[in-house]
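In the two assemblies presented below, chain A is common to both, partnered first by chain B and then by chain C.
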Partner chain A sequence: MASATGAASHPVPPSLSLPPSQFARLQPHAYLLAHLSPPAASNQPSIRANGRASSQFRVTSANAGSLTHTNGSAVVRMGDTTSVCGVRAEILRTEDIASWSVSRTSNEASNKRRRLAELNEKPNEEDEDTAADDEEDRAHIEDLNLLVPNLSLSTGCAPGFTPGAPPSALAQSLSHQLLSLLHSTRLVRADDLRIWYQPPSLGPEELERHNDDEQMDVDPNPSGGVEDHKNREIKGFWVLYIDVMIISLAGNPFDAAWASVLAALRDTKLPRSWWDVDSEMILCSDNVSEASKLSLRGLPVASSFCVFEADAAAGWRAVVIPDAEEQKARSQKKGSQQRWILADPDGYEENLGQERICLVVDKEKGGKGKTVVLKMEKHGGWTVDTDDLRQLVDISARRWDEMKRILDQC
Partner chain B sequence: MRTGQPRLGSQNRIAAYFAAVVSDESVRECFAGPAAFPILPNKRVYFARNRGDGEDKEEVEAKVQALGVTATSKYMGEQWLVHVPGTHTRSATHHPQKNCVSNFVTFTTRHQATTTFIMVGPTASLAPLYRADGSSSYTCPATGYELLGAVNAPVELPARRDALKPEEATVEVFVKPGTTTAGVGERYVEGILRSVLATVILGREKGLPRRGVVITLAIVGGEDVERGDSYLTLLPALLHTSLLALLSATVPLSMTFSATLLGVTKSGIIIPDPSAADAKAMASLHALAFSSKGHLLLNESQGRFEFDTWEAVRQKALAICQNTAVSADGDVSMAEGAEGAPLHDFVRETVEDQVHRDYPWKIDAV
Partner chain C sequence: MSILNVFNSPTTFALATCVMADRRRINGPPGGTRPAIYATSLPSIKDADRARRQRQPSELRKIFLKTGLIPSASGSSYLEFEPSASLAAARANPKSLIPPSSALKLACTVHGPKPLPRSVAFSPNIVLTTHVKYAPFAARKRKGHIRDASERDLGVHLETALRGAIIAERWPKSGLDITITIIEAEDDRWWGDAPDSHDASWGMMNVLAGCINAASAAIADAHIDCLDLVSGGVAALVTDNDGGAPQLMLDTDPAEHRSIVSACVVGYMPARDEITALWLKGGTSKAALDEQDGRSGHEALVDGAVDAARGAHMVLGEAVKESMERALGQTT
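Up next, the complex of A and B:
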């Protein structure tokens, strides 16, 4: 609007030309297209209306530990999209789990398996151990719902969000995406969330030990030996309530939300907790130095893309859509680019394209290993296929390096 | 004694079929040959066997035992019933339609009898509901899902949505789970379905702009999707149901599509159509949809995988959907191979069957 009044104040007679801001509103598609495919004579580079190159992400900043009343929190800002995430931990006692006594038998079975594995030689043990652990992790975290993410798009984060409305379909599906990604990446280890109780070894067992080996009786060190883990039982779990609030929405909410969840979980500290036999409850230490951080599995980083097609009128008529092969050949033959894959789309660009791609990648060995895809989602169009996706995985891998640097600093 | 007469289908292939729970190794071993397709433990394997001339009990049993399956056989009229202990044997009359065989492996004895292991493909019928503009019911035996879809189009939407996109139809999708109310998972899958269907629906055709295409999908049978579980196992079934319902409602479409679900095990074997229980054990899961013209319309992958794995999955999925596996010399093989009838033909045949049922007078006139 400011530029419009600026134009009016000029002494020249009103012309039919429009200032760019109004052109952007009236003809959004043509406006972005004009930026992406400038006339060859103008010698300008192809650039998005927001000044970024097509594979460039917005400036991202992250800040962890901003909220004092949470176990872990983070604010992530990607351009004008800002996401706040707080992780709150609460205790779930096993006696409150209705199916615990039923499911525990399977748990013990896997414990037994693990103990058997521990007896085996080293390399074998690790393999077996992780396999058994994986299943137990999945069972505990997914079946007991130990991770509860919720995303809210707060009032006023974007013009369309009015107060008092129920959670929009977008907010609900984002919540689901966060949860299913937390589950499928197995980011949080169930072992971090378990609260154990180790009963003191009592009379008859000690006798047994006495017969077996006299030295064990003299020096019962708590960390050594299979024997010590025998009667260990789980008395409770930490449940992590992961609340994400998008306080400003300017496109690409998923990347920002996931980055904030990741940063908040990296920041999360759980107090040392134990089962107190005398009071029959779980007690927590309020000593900060005793609190432990979560040990997360890897660093999955999300990057989203949106496809902008040059031909806005393609959908207007019942045009004959070319075969996939034909289309590929045609796009190679034609000199001018017909579509652009825009990384980290802002709100303006999201409105202009239906086709979305979301990739979540991780790199093994802290960035030195190969790139692994953890989620690949593509829908809403038919133009992107294998070759493009391969390039996008590379772009996402570069984004991973950038996000790792940002998250390590916060 | 009559010789084995084909009752349905193209060849003397199916006469009876059985559900067998077979151990992993045994079946994998037997499919280790050229037509290898791996089968998971506890996966239902249907196999059919029709009688050859003069084949005796011992020979049938030996043949089945060669597959690593312990079974007893019994001669029943025209066919041998092979009973695998601990399994549920279905009656021979409960027979799949001819177009439901999607994966099979056949071997022949010296008496020209054939035994066929079938992965039973989906079955569907059009217009089972009367009040909806179009509807379809869909059963997928491999995953156990049963769905019912209804389409109303074009309808006036109660809420005014002109502000969104007045020039085209609004596509609305509702998914109703079988036993619970719809939750956040359904919102998510509705969004995906909407974006896939909106690309194939010609929403700017006459009569559609400013109106709504409302698709309601009810999950009638099969395992429930739990909180936070992936919806990928259901996606192909939901997509097929909605496509058939849209066809039944004669909503203008730019192309049709077919979808499939593939799982990759930890050892890197690609498995078509894993059930919900099997899917949990997979290293990665991929749901892909291809248009009738070969475009990749949808890809939903989750789990840990590398891009090269995905490329192999994509190729396999394209072969399952369209059966256009291009061989080394560039020939497109359209013959029924180990993959069986492609899913794309399933959609086509379902519609063809319905047309033959609805318009016999018209077809006869031509």
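Up next, the complex of A and C:
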């Protein structure tokens, strides 16, 4: 009924014109190009087909802690891309680590060194980690696989991915990117994941009390001094299984996945845990007030870009590295823009450009310090130069502010 | 004594069976990991703490159902059950890290009708493929990445429920893929109870009912002709006090009951009063029904499930209406 009246109210289109949605499907490149470089006479601003400016990101929303069976969880929506992340913590006992007794001695040594350094310097616990701490973090988290991120695209998120099939190349690559970013940003501190045991040097009647005092974290009272820490030993680790389900995929899965991982880790609470001498196992307390949040290092935010070239065939021609004169001519010609860098590309735009840039930036001291680039990845083309990258870092820094606001609210 | 308690607890570690290393995924530590064992709560597990049903026997949980959340699919839906009273209380005022119960959350996508690949033999009807997968964090025990038997079983049950409703001969040589991702599943029993002889995967039946509802909303959202909206409903015979006769309850959350004697899930088409799928587990002979009620136990159980399905059908109708309004808004 409604469609009949709709058809009646519109005149029959002339035979050679197409409605925009069909034109977009038949001639995607020309469609996007027409939006980005409108004819000068039309007086329209250059805008993307989805109505965004070229450096504009999609509307992002995040919601944390809504899943029951997780230690931390988050849902992040960036436009039509939706990512759900759940963090589950399980215990890795040191006796299950094959090489533990071999490598332990060196770890203990560096551990003691670190404790001493901590006591002497009393660092202001922000990002002032000692070199020894860095090395040990890396050793524990990376060698023992304490962070296990896996991303799944077999959720029916887009038509191309058959559910039930093994993870596609894209899913594997995204999982690996998440893992390497978790490692390289050193987001999670190994100290949060360690489960300590302090053999009692006290009388047996005080054993009970002492067990209660035992914390999985560093003891807050330095008055105990070196003696207290001397024969502490690690009995286990928390392993964080970070599972990301991309529920809906409409371009730029990495930014959404990383944002959901970040939000879920910020939401993650680990129960207080200790080594129980009687039962010879690690036990946890289910008391919420005793559980501790992870203390993450900084807030790395990922922003991805894709390059759209006006010349559709550019990618197919033989690449000739321009010499200096040609380069100059090219830069003078820049007024008539030959390519656009599109922030946060959606699925439609992703199909139209080969060149991708991914930047991960952080700002020191909660946004007041300078911007730090943690990852810079560019592949698929050669049109983006250093100046462009510098601009993109600025855009990413602005995106950082936006994401921080969103993540703080959730 | 306390040690014994630890070992009898339902959270007793099951050593993570290290399946063959999956080279396409990132695997955890090779020695395997164990779920956390909560000790302090064990002596204090009291019956007073257990989750209890606050609803009337015939009162259903509220269902949140929304269509069209996944634009790249031809049809999609998201379904969520209202959290039970105990879970809502635990969320508002968190005390323990152990959740008292959980609320179903799932996303469903429909891709198709699409041409079948050349390798597939000719089919005069639409070829329906269903796929149900739990997220690894969906249940109390971590699920693997590869579908296990129970997930495949759910897929088969779902296909049975939907196949009868779709007018299959309208799409010869086409395929229809229905994919369901369960983000949060239902428990099989209260977490403090040890598995016993009454135990079965009761939570799966609620999950199946949710899957049926979400899938028929998504199929309608994909504009695929059906005889009716198939809706799913669950009813169960439960005993909440020892020695009592089992009572009939609709839309049971297994975590809220002491023991479930039998449960039934149906896929039901209200317009034709037809049942497309019926799955009944457990014995129904001891059911406590009214004196004048001439029905046998299993009849009462199936009727209960059908009543629950009728309730879900109203929600489905609303969701589909919303989906159609959106579709009309796009075309005009």
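Everything that follows uses one rule, which is that the second predicted complex is superposed on the first by the 341 of 410 C-alpha atoms of A that agree within 3 Å, B and C clash if a C-alpha of one lies under 4 Å from a C-alpha of the other, contacts with A are read in each partner's own complex, and residues count from 1 in each chain.
In this section, a contact is a pair of C-beta atoms (placed from the backbone, for glycine too) under 8 Å apart; a residue touches a chain by one contact, two chains touch by 3 or more.
None of the values given here were measured: they were computed from a predicted structure.
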With the two structures overlaid on chain A, would chain B and chain C clash, or do they fit side by side? fit
Comparing chain B against chain C, which has contacts with more of the residues in chain A? C
Once the two structures are overlaid on A, work out the angle chain B-chain A-chain C from the Cα centres, in steps of 10 degrees. 130
Using the superposition on chain A described above, determine whether A:T70 touches chain B (first), chain C (second), both, or neither. second
First (chain B), second (chain C), both or neither: which does A:D311 touch? neither
Answer with first, second, both or neither: which of chain B and chain C does A:Y241 touch in the superposed model? second
Is A:G347 touching the first partner chain B, the second partner chain C, both, or neither of them? second
Touched partner set for A:D191, first chain B, second chain C, both or neither: neither
Is A:E402 in contact with chain B, with chain C, with both, or with neither (first, second, both, neither)? neither
Would you check which partner chain A:T155 touches, where first means chain B only, second means chain C only, and both and neither mean what they say? second
Does the superposition put A:M281 against chain B (first), chain C (second), both, or neither? second
Return first, second, both or neither, reflecting whether A:W382 touches chain B, chain C, both chains, or no partner chain. first
Least CA distance chain B-chain C after superposition, rounded to whole Å? 5
Intersection of chain A residues contacting chain B with those contacting chain C? 145, 172, 175-176, 179
In their complex, what parts of chain A are in touch with chain B? 138, 142, 145, 147, 169-170, 172-173, 175-177, 179-184, 315-318, 321-325, 327, 354-356, 370-386, 389-390, 393
Using the touch rule from the top, collect the residues of chain C that touch chain A in their complex. 2-3, 6, 13, 16, 24-41, 69-73, 76, 87, 94-99, 102-103, 105, 107-109, 111, 114, 131, 133, 135-140, 142, 145, 147, 177, 179-181, 183-184, 328, 331-332
Using the touch definition up top, name the residues of chain B that touch chain A in the complex. 167-168, 183-185, 187-188, 190-192, 195-196, 198-199, 202-205, 226-230, 252, 254-255, 280, 291, 293-307, 310-311, 314
Listed in rising order, the residues of chain A that touch chain C in the complex are 2-3, 6, 67-70, 73, 80, 82, 84, 86-93, 96-98, 144-146, 148-150, 152, 154-159, 162-164, 166-167, 172, 175-176, 179, 239, 241, 243, 245, 247-250, 269, 271, 273, 276, 278-279, 281-288, 291, 347
